[in-house]
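In the two complexes below, chain A is the common chain; its partner is chain B in one and chain C in the other.
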Partner chain A sequence: MTVPQALVIRKADLGTWVDSLIGRTEVIGPTRGPRGDVLLATLSGARELLWDFTNALQPPKQFLLPQTEPLVQIRTARGHAQAESVADAHPQVLFNVRSCDVKGFAVLRRMHAQPPGDTAYLRRDEQTTLVCLTCPTPCPLGFCVCADAGPFLEEHFDLQLTAMDDAMFVEVGSAKGRALLEGQDRLFRPAAASEVARRAEIEAEARRRFGPVTCHFGSAMRRVSTGRVAQALWDAIADWCLECGGCNFICPTCYCFSVRDRREDGSWERCRVWDSCQYAAFTLEASGHNPRKRQGGRVRRRFFHKVSAQYYQKDGDVGCVGCGRCITVCLGTADMPAVVEALRKGEWHG
Partner chain B sequence: MADLFLPSVATIQDRRDETPDTRTYRLRFRDAAEHERFQFIPGQFLELSVFGLGEAPFCFASSPTRKQSIEVTVRRTGQLTDALHAMDAGDEVGLRGPCGNGFDLAAAAGHDLLFIAGGIGLPPLRGLIWNVLDTRERFGRVTILYGARTPADLVYKDELGVWQNRGDVELHTTVDRGDAGWAGNVGMVPILFDRAELRPANTLVYVCGPPIMITFVIQDLLARGFAAEQIISTLERMMQCGVGKCNHCCIGHRWVCRDGPVFTYRQIQEMVE
Partner chain C sequence: MVSGRSSELSICPYCACGCGLYVQRTAGRLTGVMPSEHHPVSAGRLCARGWAAHEPSLWGRRLTQPLLRDGDGRAVATTWPTALRAAAEHLRALRAAGKAVGVLGSGRATNEENFLAAGLARAGLQSGHVDACLRAPYHDLLLGLAAADPREAADRAPPLEALEACDVILLVEGDLALTHPRAAYAILRAVRRGARLVTAGSVRTKLARLAWRHLSLLPGDEVALAAALTGRAPGQAPDGGGGELREVVESYAGAQRAGIVIAPTGADPAGLRALGAALGGLAAATGHVDRPGSVILPLPLRGNTRGALEMGVLPDALPGPSALHDAAARRRLAAAWGQEPATARGLDVERMLDEVAGLVVVADDPPVALPSAERARRALAGLECLVVLDAFVTPTVEAAHVALPIASLAETEGTFTNMEGRVQWLRAGAAPPGAARPGWAVLAALGAELGLARPPASVDDVLAGIRASVPSYAWAERRAGEQEAWTQHALPAVAPAALERPAAPEPAAPEPADASYPFRLVRAAAFEWGDDPLVTASPTLRRDHVSLRKLFPHGRVDLPALDAKALGIRDGWQVKLVSRAGEALIPVNLRDDLAPRTILVSFAFRDQLAPVLGAASHAAVRVERV
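Let's look at the complex of A and B:
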């Protein structure tokens, strides 16, 4: 059968659908941790999947870009080295991913697909299906509307779900999304014109609730891109950065990494591991020379990569999806909206 | 799609001491067919693995016109290079590459070429110099200015003699501090400018060396009428992936590993971060 681009499933039938997916592939989604936190984990049953939540503590990037990812295995046999690529990609469905995080994957995909393609990432990406769950109400710290990353998306998802009274409106964004509906004719029916209209109303209502833009990237971009931000301002911001790297690790679009060889039972695994541009060792050369010796230089680097016009032209987006996690995680106050505001006004008060 | 991070195994053919802390290694891919297929241009670099310790970037110190082996010149300065210095003929390393843009030889054809190197800055230029000398008729005058801290710190000492004795190369060397056996120039590299015949109009300049030397050399070149577009250098940054993914080597939105490491001084001036 040809699956239409917009369908409807009754909320009462969602469990049946999700359970049937869990039966045939790995399904990862938001679930309640032992202390009440929203965590992303592999689900063993549809009852574990959350539908009513703000967002997971961590972004889902770890499922495509693991913190430590073996890339090459190196063995030695009879005095000779053998190197082989490690390919452990397997099909996975990321369910109920918020729009900001789906947009985060779009940023990661574009970057990894740039020639030469990052084979390890792209193999995982090919095997991953993203099911976006739109946001009817703003989360306390998010600013996705400023980054064109929500609360509803027009692209980047495989399926997009919108809660609508006692049903769920399903938009198909790709063949991978369509595949999740195969053999489920009993559960889904094409959306009626009235339902399409209702879905549009819900989005309009959500956008009203999310309010106007509050994080003015354009204004910060003009200053950052031309090097017109005084180093003293960067240094002042850096005073409020504890160099923990939390903002990088929690960011849905940060992907910088290091390469390390790890000993594994008589062989080595060459691994990609997350790294942070906020660490002094990130640019430390073997000679001892470090072009970003001062933290102010490293903070400047982070925000140049995130909001400069140079990167915007190259990548087509700012490197932020407005999820607000850096606000939560920063031990100081050097989060995205605070720094953008400081750049815009040319002053910083901690 | 070829796997981006997969190294090929290569065997060390031999090693040669250049200075007390610097050695040149001759390498061949273990797979003879791969060695034959492998192509690079001077100015590019490769990621060399010491298995168990990881990878580090080294420029090709040899010319693609001499295919029997790939040469890298390595100063002992960290974990990986310590381990490499302990390795000898027959030992295996990993190679991945070539990485980076390399020197534009086609654009250099017909020009006079001025090579200026300081210390361990000669290896990246050596591959280019031999490539030029092996296709000598394509280029105008070739001038090499090379300086090091002491006579012992000069690399490729035998080759300096070979270049000196060729009729088609003008070579001047200098050291910051001489010793009993040194009868040559004493002083920083810029003192050599007055000894060589410089003709800015049709010359491309290739500069490679420690940052402080590059700074002074470029100031001098500009003062002597060379344009920023004529001055070509290679930049160094901490690199990990070598393919424009890990972002360790970024300057502004440029990757030194992929957009470089070869840049004109004009491009370097325009970098914003």
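Let's look at the complex of A and C:
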């Protein structure tokens, strides 16, 4: 049977569908945590899955690029060291991923696929199905429209869901997405032309409803890329950054890591762990030389990577999906919109 | 098919801010942390330490078996019953021989562990020798601030929140952005709103660069500052004198909402009390003590230093703290601890190390936290019986006669009390490795071996004991299934009037510089996170902190560049520092932001300068080229 590109499922049937997936594979999605926090977790039943929520502070990238990721186990047997790959890759479905995060995965995939290719990441990526949930109401701090990352997507998703009155509009973006619908003919029906039109209206309406946070990447990019940002400005911004590294850790497009070995039951385990370019010793060389000893240099490096024309030409995107998480997580005031604004105007007031 | 990613709401165990985080796990194994977006303290923010809070459990050198030193001095793995019995018998034998025994609690142990540690000392061992490293600097500040105890603390905004709304903030710091990042963030927010920030410290830090005024405050200067501040309250300012300080005082006095934040500096105890008294006096004289919106926030150094103090881990008070002679408190504690507590005034940690024969150390490594690491190491090595409970193999564990493995702070349950007085739950993200058990359970078992009745059977039992015997924690109840962190807002809850206090020692004024000793050498801080086991056990944190140590294996001191030029000394050279007490060789790091004739030594390199400084935090020295 050929599944059409646009389908519809009744909201009342969503639980049946999700529960059937949970029976087949690991399904991860947003759940309600303490104090109203949204937590991404393995679902044990569809009733745990949230459909109406402001995006989690926790980025779903951790399910493809974990904070601690064992890659190789090293054992010594009769004087010889043996290394065995232990990188975990099993099928998983990430449900109700917002468009910004789906776009983030596209950025990560492109980076990790560059030769020679990061096999641990790519294997996990292959095993992951992304179900995007569009945002008819933009989140309060989001600015995905400025970064071409939402609130609705044209590509990068396996399935994309849009809530309509009593139904969910389903767009199929890939064979992996189509596989989630197999054996569910009873629940899905092709979308009617009126429903396709309604979906377009919801998107147009959403784009009109964005909050005050904007991010003018274009003009910031012109200044950064033509050497028109004085080092003094970076130094001034650096005084308002407490070097927590949070902006890197929650960013859907940041991927820098370190490699750490840990002893475990008589063998060694080589792990990839998240790292931050804002940490003083991130670029410390074995000689003791540190090319970015000053924090102003590290802040400059971060934003050069994110918004310079050099990287834009190489990657085809700015290194930001407008999720707004850095505004929440920054233990200072140096979040993306604030710094882009400072670059544009050439001044910083904290 | 399900690998199971989940998380538990917990608390960052490093500094005393008490930020909320989730400990995350995959298939039962710790994998990371994530900030709690709606947490009342941190609202989705963590510092670098918080982001690495899972690392010590994974990368630290873990103690996984009880160890007992055999006849040849080797530590041999043993069973729990054997280890506990050996520890109890050894301690009892010392008591029977009339020798002193003591207990150290810790700012990196939970309230429940500290409460049981205090009980182990006062009830189990009938000894008043109970204290914690880094308790004294915080406590000295509190005692100094006694004049500024508010009459009503109940319905105030939480201090960190209030700080963000202040118009003028007086900050005494080592480097707040490093020691208490969440508090530094509150100050950044206030400055962005337009607040006037006044910093006082020995270094021009990140916050000092954003300050409206910066006052140089070196260890030894506290008395002079106190005199200047209190003598120059509005209306009393002497004509023409100290314009900058007068501006500061007038600005503070005139503020609608004013904040004072004091981190323990490298000063001597008397200096810290003088500092507390000066700032408390200023707040009292200007009416800011009881003014809504104004805040005074003394900062404990470690995560649960405040909780340890309130759980009775101090030599001169019962939990609360209540006075040693408080009969009602003693009755309540006898019920909670299983025996009437000893009410003798005990020794503080430094004197304890010199004078006791037996010591139980709960989750601490005294050489990293005391002013003289070398002296602490020697004292531990000279003990007849050293029993250590820790999750990590620290040098103190290696010196132990009995080492008892406990769960790390990511593997245990219990409460921490933050700088604001919030009591919050730590929750276990994973099971402890090997034979390690929760610290409260080990202390309960050790207490039972020492004959304490009715040992607690759960962490909730311990908490019930705390609730019943410490009035300020009477509200601290865990409701079934409740996931939320508890909150209570209170200013430092030490009631000094109720306690007997030894008279404060006279602060030592700086030695007068003269032609023979023209420089002032000062210790810049009271503690350095880079040495803490929770940092050294984390590869990410160790990298940033250790890199300096790697680069300067012989230590170093900071010297003003202009003075160095006059002496013909270049950056990195080794110099000889000579004081009236002794001399030492050490490399110099030249800086252009120091006051003339001031030499700073960081806490990390204090041992290299022990011959010059002695136990003091400052000394007059001369610098000789070698």
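Just a few scattered comments:
Just so it is clear, the second predicted complex is superposed on the first by the 346 of 350 C-alpha atoms of A that agree within 3 Å, B and C clash if a C-alpha of one lies under 4 Å from a C-alpha of the other, contacts with A are read in each partner's own complex, and residues count from 1 in each chain.
Just so it is clear, a residue touches a chain if its C-beta (ideal position, glycine included) is under 8 Å from a C-beta of that chain, and two chains touch if they have at least 3 such contacts.
As the structure is a computational prediction, the values presented were derived from the model and not from experiment.
Three-chain overlay on chain A, with chain B and chain C fitting side by side and no clash. In the superposition on chain A, A:Pro34 makes contact with chain C only, while chain B stays out of contact range.
Contact with both chain B and chain C is seen for A:Arg260 once the two complexes are overlaid on the shared chain. After the chain A superposition, the centres of chain B and chain C are separated by 80° when viewed from the C-alpha centre of chain A, nearest 10. When both complexes are overlaid on chain A, the residue A:Thr68 reaches chain C alone and has no touch with chain B. In the superposition on chain A, A:Leu284 makes contact with both chain B and chain C.
Of the two partner chains, chain B is the only one touched by A:His305; chain C is not.
By the document's definition of touching, of the two partners only chain B reaches A:Thr119; chain C does not. Legend: residue contacts after superposition of the two complexes on their common chain; A:Thr333 is shown touching chain C, with no touch to chain B.
Within the superposed three-chain model, A:Asp275 lies in touch with chain B and with chain C [touch as defined at top].
Once you line the two complexes up on chain A, you'll see the smallest CA to CA distance from chain B to chain C is 8 Å. Common to the chain B and chain C interfaces on chain A are residues 258, 260, 275, 284.
On the chain A side of its complex with chain B, the touching residues are 71-72, 74, 76, 80-85, 111-112, 114, 116-120, 122, 225-227, 255-261, 263, 268, 270, 272, 275, 277, 282-287, 289, 291, 300-301, 304-305, 308, 310-311, 314.
Remark: chain A residues 24-26, 28, 33-42, 44, 56-58, 62-63, 66-68, 88, 90, 92, 239-240, 242-246, 249, 258, 260, 262, 273-276, 279-281, 284, 288, 290, 328-333, 349-350 touch chain C in the complex. For chain C in complex with chain A, the residues that touch the partner chain are 1-7, 9, 22, 24, 26, 30-39, 43-48, 50-51, 54, 58-59, 177, 181-182, 184-185, 188-189, 191-192, 206, 209-210, 483-484, 539-540, 543-544, 547, 550-551. Across the complex, chain B meets chain A through its residues 1-9, 30, 49, 51-56, 77-78, 80-81, 92, 94, 211, 236-238, 240-241, 243-248, 250-253, 272-273.
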